[in-house]
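One chain, chain A, links the two complexes that follow: it is found with chain B in the first and with chain C in the second.
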Partner chain A sequence: MIIIAERINGMFTNVKEAIAEKNKQVIQELAKKQTEAGATYLDVNVGTAAADQEAAMQWLVETIQETCSTPLCLDSQKPGVIAAGLKVVNADNGVILNSTPLNKKNDEEILDKHIEMAEQAGPKASIIALTMDKNGVPQDIDTRVAIAAEIVSKTMEKGFDSRRLFIDTILLPVKVPNAQVQSGNILTAMDQIKYLADPAPHMTVGLSNLSQGATERSLINRVFLAMAISRGLDSAIADVLDQDLMNVLATAEMLMNKQIYSDSFLKVYSSANKA
Partner chain B sequence: MPVPKVAERFTGSVNRLTLGATKEDGGTRSATVTVGGARNVVYGGSAADTGEKPVIAMDVLDSKPEDWPDVLVEPYKDVLDSPGDWAKKCVEEFGAELICVKFDGIHPDKNDRDAAHAVKVTEEVLKAVGVPLVLWGCGNDEKDNEVMPKVSGAAKGEKCLIGTVTEDNYKSLTAIALADGHYLITHAPLDINIAKQVNILTSDMGFPLERIVTFQATGALGYGIEYAYSIQERQRLAALTGDKMMAMPVICDVGYESWRAKEAKLTDAPGWGDPADRGPMWEVATAICLLQAGVDIIRMRHPRAVATVKNFISQIWT
Partner chain C sequence: MIIIAERINGMFTNVKEAIAEKNKQVIQELAKKQTEAGATYLDVNVGTAAADQEAAMQWLVETIQETCSTPLCLDSQKPGVIAAGLKVVNADNGVILNSTPLNKKNDEEILDKHIEMAEQAGPKASIIALTMDKNGVPQDIDTRVAIAAEIVSKTMEKGFDSRRLFIDTILLPVKVPNAQVQSGNILTAMDQIKYLADPAPHMTVGLSNLSQGATERSLINRVFLAMAISRGLDSAIADVLDQDLMNVLATAEMLMNKQIYSDSFLKVYSSANKA
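Entry: the complex of A and B
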C-alpha cells in the first residue's frame, strides 16, 4: 500500500502557523513522526492562507528534506505551486504531483501540463488525477469511470507509464446531504477502473475527507479503507499517525494476500511498507 | 500498432550479500562469494535484473557418513575420514564455490561428538580451503546450542554462513553469529508464515536483515518438491514486491534430500536404469527445478551432479 501521509497541510492550525512563522521544528517533527509511522510519501500542502503559496511550498519542501528523505507528494490545485515545489524537490526516490482533474473550464490542457511536469521531474515522478472534469465531480458511477478512462487514454497517448498514474475517485464527506450514496458508488467504480490499463493505474483516495464533520471519524475512515482495499485500492492519502487505521490497513492487506502473514504482521507492517 | 512490452517489472530486489572475509577484511579466505541481487524472476526482465549467479555449496560431513550409497561414497572414498581433505577435493577437483560443513556427527542419536571435535573440524576445513564456509548444525536444538556457538567462535571474523535458527530456537545462535560477524540461516518447515516470523524474531534481536539467508526446507523430486518450489517462489515474489522481511537470498538442501529418495539410491532395480546415473540425475533434476523458483545457494553432494548444474547455471546466468 502506498500511504501518503496527510498531516503537513496548511489546513491544520499548527502547520499554518509554522508556515507563517517559518518554524522549521514543527514541520520537521511531523515529517519524522509520519515517516516512522509508515508513510510511503509525505503530502505537502501549503493551505490557502499562505500569502505567497509558491514560496511557502518551496520552504516546506526544503525544510522537510533537511530532515528526512521520504519522497514527497506536492499537493495543490494550482500548477504553479506544484511547479515551484518541483524546482527544489529531490525526486530521486519519487515525487507525486497532487492533483489534476481531466480538464477545467479555464484550462482544457491541465492534465497534459501535469504529465509534462512529471516527465521533466524524472522517471520516478507520478501524478494523481481526479475523476472530475470541467463539469465538476460526477454523481454517478458511469461518469466517474468514463472520466478515469479518458485520463488513462490520455496518459497512454503521451506514453506515460500507467504505474506512474494514480486515479483519485474523490471521496466526499458522508455527512454532506445526499452524499451518502457516493461511498458505495466509488467502490463500484473502483471495480471497473482497475481494468482500464494493464498494469492497472494506482487507485487512491483522500480518506479523511469521508468523515469530515462527522462523529467517529477514525472508525468511518478505517472501515471504508478496509472495504476499498478489498476492491483494489492500493494507495490512500491518510493519517498515518492513527494507529487503529494503520492496523486495519495491515490486516486488510494481509487478508487480501498482499502481505505474507506472520504472527508479528502488525508490528512489521510499517517497516515493510517503505518505498 | 507496435507490440506492447509485456515483461513484468518489480519495485523490490533480493538482498545482495558477500560471504567470506579475505585478509584485507580481517579473515583468511582467498576468495569471497556474492549472492542475491535479483530484481526479477528467473527468465524475467533484462539481463541486468538477474542478479548474482546462484552458487553451489558442496557438503562435507564432520564425521564419516555411515548410510551413504556406494555411488555417492565412490568419489570421496579416500577422504571421508578427513573433512579437510574432503573439502579440498570438493574445491580443487569438483569446483565447489562454497563448502558446507554439516555437523551430523554431533547429533545425540548419531555419534554424539562434542564441541571440541566440531571446533577441530572447523579449523581443519578453514585451513584446507580458501572458499567461504557454510556451518550447519545437526538439527537437535539442545546440542546445536551447546556446540554451534563454539564453532562460530572458531571461525570468528571469517564471515561464514551459520545455521540454522528456527522459530523455537533462535536466540543463542543469533546472538553469537552477530558477535562473531557471521551471516545467519533462518529455517522454517515449508511454512511461509513461520519463515517470515523467524526473520522478524532474529531482526528484533538486532540481527541485520541484510545478513540473513533463508532456508524454507527442501523436498526432492517426488518427495514434496512442489511445496518447496511454491514457497520459494512466493518468497521471491514477496521480495520483488518490496517485502523487506522476505528479501533474503535463499539456500536449499538438494544433496541430502535427493539422496534420501529411494529412486536415487536403490541398486536392485534393473528397470530404473543404471544406479551410477540415477542418483546424480535425481540431484540434478531437483536442483534445476528449484533454481527456477529463485534460489541463490544450493547444497549438493555428487560431483557429476554439481558439474551438470554448474553448466546449466553458466548458460542461464551469463
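Entry: the complex of A and C
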C-alpha cells in the first residue's frame, strides 16, 4: 500500500504558523515522525493562507529534504505551485503531482499539463488525477467512471505509463449527505476503475475527507479503508500517525493475501514499511 | 444486519460446565447480556461433550426461553439434535436451523431434510446452508459458488422462500494458510452468491472462525466484517459482546447507506438493535 502522509498541510494550524514563521523544526519533526510511522510519500500542501504559495512550497520542500529522503507528494490545485515545488524537489526516489481534474471550466487541458510536468520531472514522477472535469465533481458514479476512463485514455495517448497514474475517486464527507455518491457507490466505481488499464492505474483517496466534521473520525476512516482495500485500493492520503488506522491497513492487506499471516503480522508490516 | 450471537456454545468451558451441572444462571445471563448487546438471534450449540446432545439442546432452549424471547439459532451438525430443539423451541418470532451441507458422503439429501424441518417449524423458520457437499469443504471458490447455486435451486424447487435461506461461505482460520480459499476469495464468492436469487438469499459467516488461534482476534474479525458488509453480507455468527466489533458493524452499515449519518450514529444503531 502506498501511503501518502497528510499532515504537512497548511490547513493545520501548526503547519500554517510554521510556514508564516519559517519554523523548520515543526515541519522536520512532522516529516520524520510520519516517515517512521510508515509513510511512502509525504504530502506537502501550503494551504491557502500563505502569501506567496510558490515560495512557501519551495521552502517546505527544501526544509523537508534537509532532514529526510522520503519522496514527496506536491499538493496544490495550482499547477504553478506544483511547478515551483518541482524545481527544488529531489525526484530520484519518486514524486507525485497532486492533483489535476480531467479538464477545467475554461476547457484548459490541465491533465495534459500535469503529464508533461511529470515527464519532465523524471521517470519516477507520478500524477494524481481526480475523477472530475470542467463541470466539477460528478454527482453520480457512472460519470466518475467515465471520467476515469477518459483520464486513462489520455495518459495512454501520451505514452504515460499507467503505473505512474493515481486515480482519485473523491471521497465526500459522510456528514454532507448525497444520495447519488455515497461511500458505498465509490466502492462500486473502484470495482470498475481497476480494470481500465493493464497494468491497472493506482487508485487513491483522500481518506480523512470522509470523516470531515464527523464524530468517530478514526473509526469511519478505518472501516472505509478496510472496504476499499478489498476493492483494490492501493494508495491513500491518510493520517499515518493514527496507529489504529495503520493496524487496520496491515490486517486488510493480510486478509487480501498481500501479506502472509504470522502471529506478529502487525510488527512485520510496520517494519517492512519503515525499511 | 442479522447478528447471531455465538456465546452459548458448549465449546466454551463455562457453557460446557453449565450444561453438565444444569446451571441455568450461567446460560440465562449469557442470553440476557447478548440480547442487550444487540443479538438478533442467540446461537445454541451444545458442543461435543454433552452425553445426551438432544437432551442438552432441549435443556438449553427451555432455559433460555424462561428468561428472554430472543429467537434462537439451533446449531448442530446432527439433524437429530436440531429436531430435538425444534420440539421445544418457540418459533413464533423465528428460529434458524444451523446448519446443513448440500448433501453428505453417503449421498443423504440432508438439505431436503432441513427444508422439511423448517417448513414444519413454521413460516418464520430459516435454514443456514453451508457451501460444502459430500466431498467436504471445496478448496476453490468456483465450486463453493456452484454449490451455493445448487442450494438455491433446491430451495426454489421445494418452494422454500429464498429469504428464509442463509448461505454460509465458510470462513477458515487465517492461521491455516490455504492458497485457494483466502478470505479475499470468499469476498469474491459473496459478490456472486448475492445474485443467485431475487430476493437474494441471506449471506452469513461464522466470523470468529477466521481468527481462530490467531493474535489480534477482534481486529481481524472487525476488518473482515467491514469488507464483507461492503459485499452484501447481511448476517454473521459473531461475538456480539465485542463492542469494538459492534461499532464497526454500525459504521459499515452507515457507510453502505443502510443508516443515515448523524453525530450519534453508534448510539442510534445500538438502540435500534435493542428495540
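Definition applied: the second predicted complex is superposed on the first by the 268 of 275 C-alpha atoms of A that agree within 3 Å, B and C clash if a C-alpha of one lies under 4 Å from a C-alpha of the other, contacts with A are read in each partner's own complex, and residues count from 1 in each chain.
One rule holds in what follows: a residue touches a chain if its C-beta (ideal position, glycine included) is under 8 Å from a C-beta of that chain, and two chains touch if they have at least 3 such contacts.
The model shown is predicted, which means the values in this text are computed figures rather than measured ones.
Asker: For A:195, select first, second, both or neither according to whether it touches chain B, chain C, the two together, or no partner.
Answerer: neither
Asker: Tell me which partner A:268 touches in the superposition: chain B (first), chain C (second), both or neither.
Answerer: first
Asker: Determine, for the superposed model, which of the two partners chain B and chain C contacts more residues of chain A.
Answerer: On the superposition, C touches more of the residues of chain A.
Asker: Just to be sure I read the superposition right, which of the two partners does A:260 touch: chain B = first, chain C = second, or both, or neither?
Answerer: A:260 contacts both chain B and chain C.
Asker: For chain A, give the residues common to its interface with chain B and its interface with chain C.
Answerer: Comparing the two interfaces on chain A, one with chain B and one with chain C, the shared residues are 260-261, 263-264.
Asker: With touch defined as at the start, can you tell me which chain B residues reach chain A in the complex?
Answerer: Contact set of chain B toward chain A: 9, 11, 192-194, 196-197, 200-201, 234, 238, 242-246.
Asker: Can you tell me which positions in chain C touch chain A when the two form their complex?
Answerer: Contacts found on chain C: 174-175, 177, 182-184, 187, 214-216, 219-220, 222-224, 226-227, 229-231, 247-248, 251-252, 254-257, 260-261, 263-266.
Asker: Write out the stretch or stretches of chain A touching chain B in their complex.
Answerer: 163, 259-264, 267-268, 271-275
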